[in-house]
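Next come two complexes built around chain A: one with chain B, the other with chain C.
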Partner chain A sequence: MHAAWFVAVAGLRRALGIGALLALAAFILGPLATLLVWAFAGTWLFPNLVPEFSLKWWVYVLSNADVGKAIRMSVLSAPTATLLSALICIPAAYAFARLEFPGRRLLLLSFLSANAFPKIGLYVSIATLFYRLNLMDTFAGVVLIQLVNTLLFMIWIPTGTFRGININLEEAARDVGAGPLRTFFQITLPIALPGLIVAALFAFIAAFDEAQGSLIVGTPNHITMPVLMYALVLSYPQPVGAVFSVLLSLPSVILLLATQRYLRAGYLAAGYSL
Partner chain B sequence: MSASREADSAGHRLASGGPAPRVHGDRRGWTRGVLGLALVLPPLLVLAFLVILPAISAVVTTLTPAADAVPAAPLANYAEVLGTRILRTGIVFTVIVTLVAVAAVFCLSYPLALYLRFVRTRMAALLGVLFMVPLFVPVVIASFAMITFLVGHGLVSTVLYHLGIERFPRLVYNATGIVLTEVWVSIPFAVLILGAGLQAIDDALIDSARDVGAGPLRTFLAIILPLNAAPTMITLTLLFIAIFGSFTIPYLVGGNAPQMLGVTMTSYLTQYLRRTESATLAVIAFMIASVVGVVYVASVSRRERAAP
Partner chain C sequence: MARLVLDRLTKRFGAHAAVHDVALDVRDGELMCLLGPSGCGKTTTLRMIGGFVTPDAGDIQIDGVSVVAMPPERRPTAMVFQRYNLWPHMTVAQNVGFGLRLRRLAHAEVDRRITQALELVGLPQSGRKFPHQLSGGEQQRVAVARALVLQPKILLLDEPFSNLDARLRVRMREEVKQLQRTVGITTVFVTHDQEEALTIADRIAVMHQGVLQQVDTPATLYAYPRTLFVADFIGTMNLIGARAHAAPAGTVLSAGPWQLVAAGARWPEGSDVTVAVRPEDVVMAPGGVEVEVRRVVNLGHYLQAVLWCPEIGEVRMFADKGAALGEGQRIAVQPARALAFHGSELVEIGGPMRPAAASPAERR
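Our next item is the complex of A and B:
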C-alpha cells in the first residue's frame, strides 16, 4: 500500500507518533478541560491540582439580570439572522447551481469578499455607516452583523449540494408533468436537505457566536451572550466566566449532537473546499 | 419545445450534474437567465450593503478632511495616523504577530493534513476528530480557556510547578499568548482546507511516481506540493487576513502595549470616540490585507475554473 510506504519512509510516522498525538491532545483539550473544571470550582488555589468543587457560581450567574437579558437577546437575534439568511440564500444557491446567467461565476466569487477584508476593519467601517443610518445599538443592527457572517455558509454549501444532485431526477419529474416549483419542493429539496441542514447549522453557529461586530454595533443596550463574555472575562472572578462559557457553548453542542449524522466529512469539506 | 428540452437534458447529462450549459438565443434560456439574476439579487444586495458600501464609506470618510483643518489636505488623516508613533508601532507589531502565527499554524497543519490523508489507522481517526474541536468553540470562549490554561497560576504553571519548574517565560497577556491562541483557533480551518486539496490528488499519481523510483521527499516536492498549490495559497492568505483582522484574541489574551490593530481600532471607535482615526486605521488594514486578498481571489477563481 502506497500510503504506509509514504509515511514510513518519510519519517512522518515517527514525527507524528504517540508523543505528538498526546502533545496535540494536551494543547487542544487542555484549555477546555481547565475551563470546565473552573466552572464547577468554588475556589482553586495554586498550586493545588484539584479545586474545591461547588455550584455557588452557577447560582450567582443564573440569578444575574444582565445574563438573562443577554440570553434573551441571543435567542432572538441568532435564529432571526439564520432564517433571513436561509430565505434569501437558498434560492440564490439553487440559481448558482442550476441556472445560467451573465456573471454567474463572478457573482458567486463575490461572496468571498467578506472574507477578503480583515473582519475588525469591516466592522469598524460598518459602524461608521450605521452611525449615519441610526442602526447603532439596535436589534436590526445586531441581526445585520450576524447575517453578514452567515452568507458564505448559506451560499457555498447549498450551491455545492444542489450541484451534486443528479439533474436526471429533476428532468424525469419535469417529463412526467411536474411544474418547476413542484419539482423543486418534491424532488430537489428532500435530496438536498442534509446539505441545507449543515449550512443552516454553520450559519446559526456563526451568528450565535459572533462577538466583535456585535460588541461595536450593539453596545450598550443590545448585548448578546458572546458580547457579555468580554465583560465577564475582564472584570469578574474566573469561575463566573467559566460558568457562562458552558452556558454559551450549550446551543452549539446540542445542535451538533442533534445533527451529527448529517455532518459527514463531505458536507463539511464542501464548505471549506472553497 | 420538446426537442429543445431534450437537447437541454442531454447537455445536462454530459455535464453530469455540473452547472447548466449555456443556452443561447432561445427564449427559455433568456427567461432562465433573468430568473437566475433575480434569485441571486437579494443576498448580493445584503453583501453590497454590509461589505462594499461600508468599505467605500470608510474610504470616503477618511479622505474628507476635518472641517477645521486648514489647509485641507486630502490625505491629512493618513498623515496624522501614520505620524503617530504608537500607531506605527502597532501596525508593525500586528504584521509580525500575524506572520509568526500564520507560519506556526501552517507548520502544524500541513503535516497533520498529510497524515490524515495518507494514514488509515485508529490513531489517525482519533486525530481526525480531535483537530476539529476548536472549530466549534467560539473565539471568546477559546481566548478565556487559553487564559485559564496559561495564566500565572493556571493549569500549565501548576503542572510545571509539580514537575519542579518554577521559572519560565510568561505565556499570556503578551505576543506569545496571542500566537498560541490564534494557533489553537486556526488549526481546524487550515487542516480542513489543506486536507480537501490533498483529498483531490489522485492516488494513482503518487503510485506512479513511486513506480518510476521517486523517493517520498521527491514525491512530496514534485507531485503533492504543486498539485496542492491553490489550497495552500488559499489557506495562507485566509489565515493572514483572519489573524490580521482579529480583535477578540489580542483584546483578551494580548498585553497592554504594543496592541494589535484590531484592539486599537475598536478602542478609538468606542472609547475615544475618534471615528475618523478608527476608519483610517481600518482602511490601512484593508490596504495591507488587499495585497494578500488579491492572491486569495486569484487562487480561488483558478480553482473554480478548473472545477468541472
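Our next item is the complex of A and C:
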C-alpha cells in the first residue's frame, strides 16, 4: 500500500519531468523545424497540413547576386575577425591569467561592459569615429565591428583556461632548458588548445551573427549575411527568409558538430570566474 | 663534482622576509634536506636555487660560478616538483626527451638516453604511455628520470612524495636515496616530514620563519639541537621551564622538583632557562622524583608513557617494551641527560646517575 503510493508519486514526477523536457524541446526545436519545412516548401497554404516539397526557393536565393556577395562578405569577414581576435586576445588572456597587476579585475570586467549596454548606442558613436577614420563602408570597418563582439569570449574563456594550467608545468619546461616563448608554444598552448578552440568557436559565432553594427558600418556595399537577412525578410516571400536562415545557421552548426568533443562544461565555467 | 653555495640569501614578500640571510654549503655528492614546518621558507629557498624566484640579496654559486643572474633554463639544476610535473600532451618518452631534443642531440643518442633514464627509475616499458595512464608514484619516477637525463649538476626535489600514500612514500624515498648514491649527484631535498629527512639526508638544514636554525647530520641534530626550535621540532622532546642558581660546581637549575647541575654554565642568579629532555633520557632511578604514570602506549619495540610530574605537568618517557609500567602506578624518575637553553646559550647536562642500559639506543 505504502510502496504503491510511493511508486505512483515517483511515476507522476517522472511523467512531469518528461513533459517539461518535451515542452522545452518543442520550444527550442519547434521554430527550427518550422523553418526547415518552410525552406523546402514550394507552396504551403491552408488547408494543406503538409506542404509540397520543392527546391525552387533555394534556386531563387542562390542565384540572387546580393546573396552571393553577402555570403562572400561573411565568409571572409567573420574568420578574419576571429583570427585577429585570437592574435590580440590570447596573449592578453595569458597576461590576465599569469600576472598580478593593479586593475586586473577591473580590466577583465571592462570586457563585459561592451555587452552590458544596448549596443546600438555604442555602434552609433563608433560610426561617428569611423567616418573620421574613413572606415565606413569598408571591409576593415566591418571586421572591426565584428571584433568588438568577440572580445568577451576570446579574453574570458582563455584566461580561465590558462589559469587552469598549473604553473609547475611551465616551470618544468623552463627547468629543462626551454625559453619563455618555446615554453608557451610547446607546453602551454597545446595543453590550453581545447579551451582556446571553444573560445574561437564562440567568437566566430558572435562575429558571424553580428548584424546591428555591420548594418551601420557596412551599408551599402559591405553587406554581411545577417544584415541581408533584414532586407530579405522585409521584401521577399516567406520561404526566402527560411532558406536564408538555414544558410545562416549552417556554419555554426557545422563548427559545433566538429568541435563538440571540446565543449565540456569545465572550459566555460572556468572562463566565467574572475 | 658539484658544490652548491648559498651566500646570505634573502627574499622578501612585501615586508615579510620569507628567507632571511640563509648561508648554506652543500658538498659534492651530498644529499641535503631542507626541513621545516610549512611557511618556513624552505620551498622559496629551493625555488631560488632553481631560478624560479629572484632573491632580493645574496648569491648562489654552483662550483664557484654565480648562477643568480641566470634564468632557470640556463642553470645546471633540475627540479622535481611536488606534483603537476609531467606534460599531459606528451608521452613518457617525449616528456623525458624534451630537454634532450632542445639540445639538438642525434636521434639515436636521445633514444638511448631516454631508455637509460627510464631503466634507472625502473620504468623501462612505459615510454609510450601517457602520464594519465601512470600511477602517482610512477609519474614522480618519470619526473626524476626527466630531471636526471640532462645530467644536471644539482638535483632539486620539492616534497616530491608528499602526495603519495604513506607506504609508497617510504618506498620511494628509499629508492631516491639509492638512486642518488648510485648517480652521486649533489641533491637538495625539501620536506616538512622530519622522519623523511632523518632517514635519507646526509645532512639536514632546519629552517624556521625564514631563518636557518642548524645544519648537521641527522644524528647530531637529534643529540645536539642548537636552538629551542630544533630541539622541539626534531623528534619528541620534553621542554621544562627552570630557574638558575649559582653554585660552586657551576649553575644549579631547578626544573620543577629536579635539581640539575649545569657544569659549564655561568648564568645569573634567577635567570629563566628551558631544559630539554628526550623521552628516552627520562629513566627510572631509586633516588628520583616520584611521578604518576598516566598513560602507557605500546609502540611495538618500545613503550611510550605519559607521566604526571608535580610542578611540571606531563612528561613523556620511552621505556623498553618489557618494562613493568602500569597506568596509575607511581615511579621515581630522573633525567639522565638534558640540554639547558638560555637565550642563544646552550649547555649539556649529563647526569652522573645515568644508568647504562636505560636509553634505547635505536632512538639515537
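Basically, the second predicted complex is superposed on the first by the 251 of 274 C-alpha atoms of A that agree within 3 Å, B and C clash if a C-alpha of one lies under 4 Å from a C-alpha of the other, contacts with A are read in each partner's own complex, and residues count from 1 in each chain.
Definition applied: a residue touches a chain if its C-beta (ideal position, glycine included) is under 8 Å from a C-beta of that chain, and two chains touch if they have at least 3 such contacts.
Worth saying up front: this structure is predicted, and the values here are computed from it rather than measured.
In the superposition on chain A, contact is made by A:F27 with chain B only, not with chain C. Of the two partner chains placed around the shared chain by superposition, chain B and chain C are both touched by A:N168.
Judged by the touch definition given at the top, the superposed model places A:V176 against chain C, while chain B stays out of reach. Legend: residue contacts after superposition of the two complexes on their common chain; A:P190 is shown touching chain C, with no touch to chain B. The partner that reaches more residues of chain A, of the two candidates chain B and chain C, is B. Residues 166, 168, 171, 174 of chain A contact both chain B in one complex and chain C in the other. Chain A meets chain C in the complex at residues 166, 168-169, 171-179, 182, 186-187, 190-191. Taken in their complex, chain A has these residues touching chain B: 2-7, 9-10, 12-13, 15-16, 18, 21, 24-25, 27-35, 38, 46-49, 88-89, 91-92, 94-102, 104-105, 107-129, 131-132, 144-145, 147-148, 151, 154-155, 163-168, 171, 174, 205, 209, 211-212, 215-216, 219, 226, 229-230, 233-234, 238, 241-242, 245, 248-249, 252-253, 256, 268-269, 272-274.
Against chain A, in their complex, chain C makes its touches with residues 50-52, 71-74, 77-79, 81-89, 98-99, 102-103, 143, 146-147, 150.
In the complex of the two chains, the chain B residues touching chain A come out as 5, 9, 12-13, 15-23, 29, 32-37, 39-44, 46-47, 50-55, 57-58, 61, 111-112, 114-115, 118-120, 123, 126-127, 130-131, 133-134, 136-150, 153-159, 161-162, 184, 187, 189, 192-193, 195-197, 199-200, 203, 206-207, 210, 215-217, 219-220, 231, 234, 238, 241-242, 244-248, 251-252, 261-262, 265-266, 269-270, 275, 278-279, 281-283, 285-286, 289-290, 293, 296-297, 300-301, 304-305.
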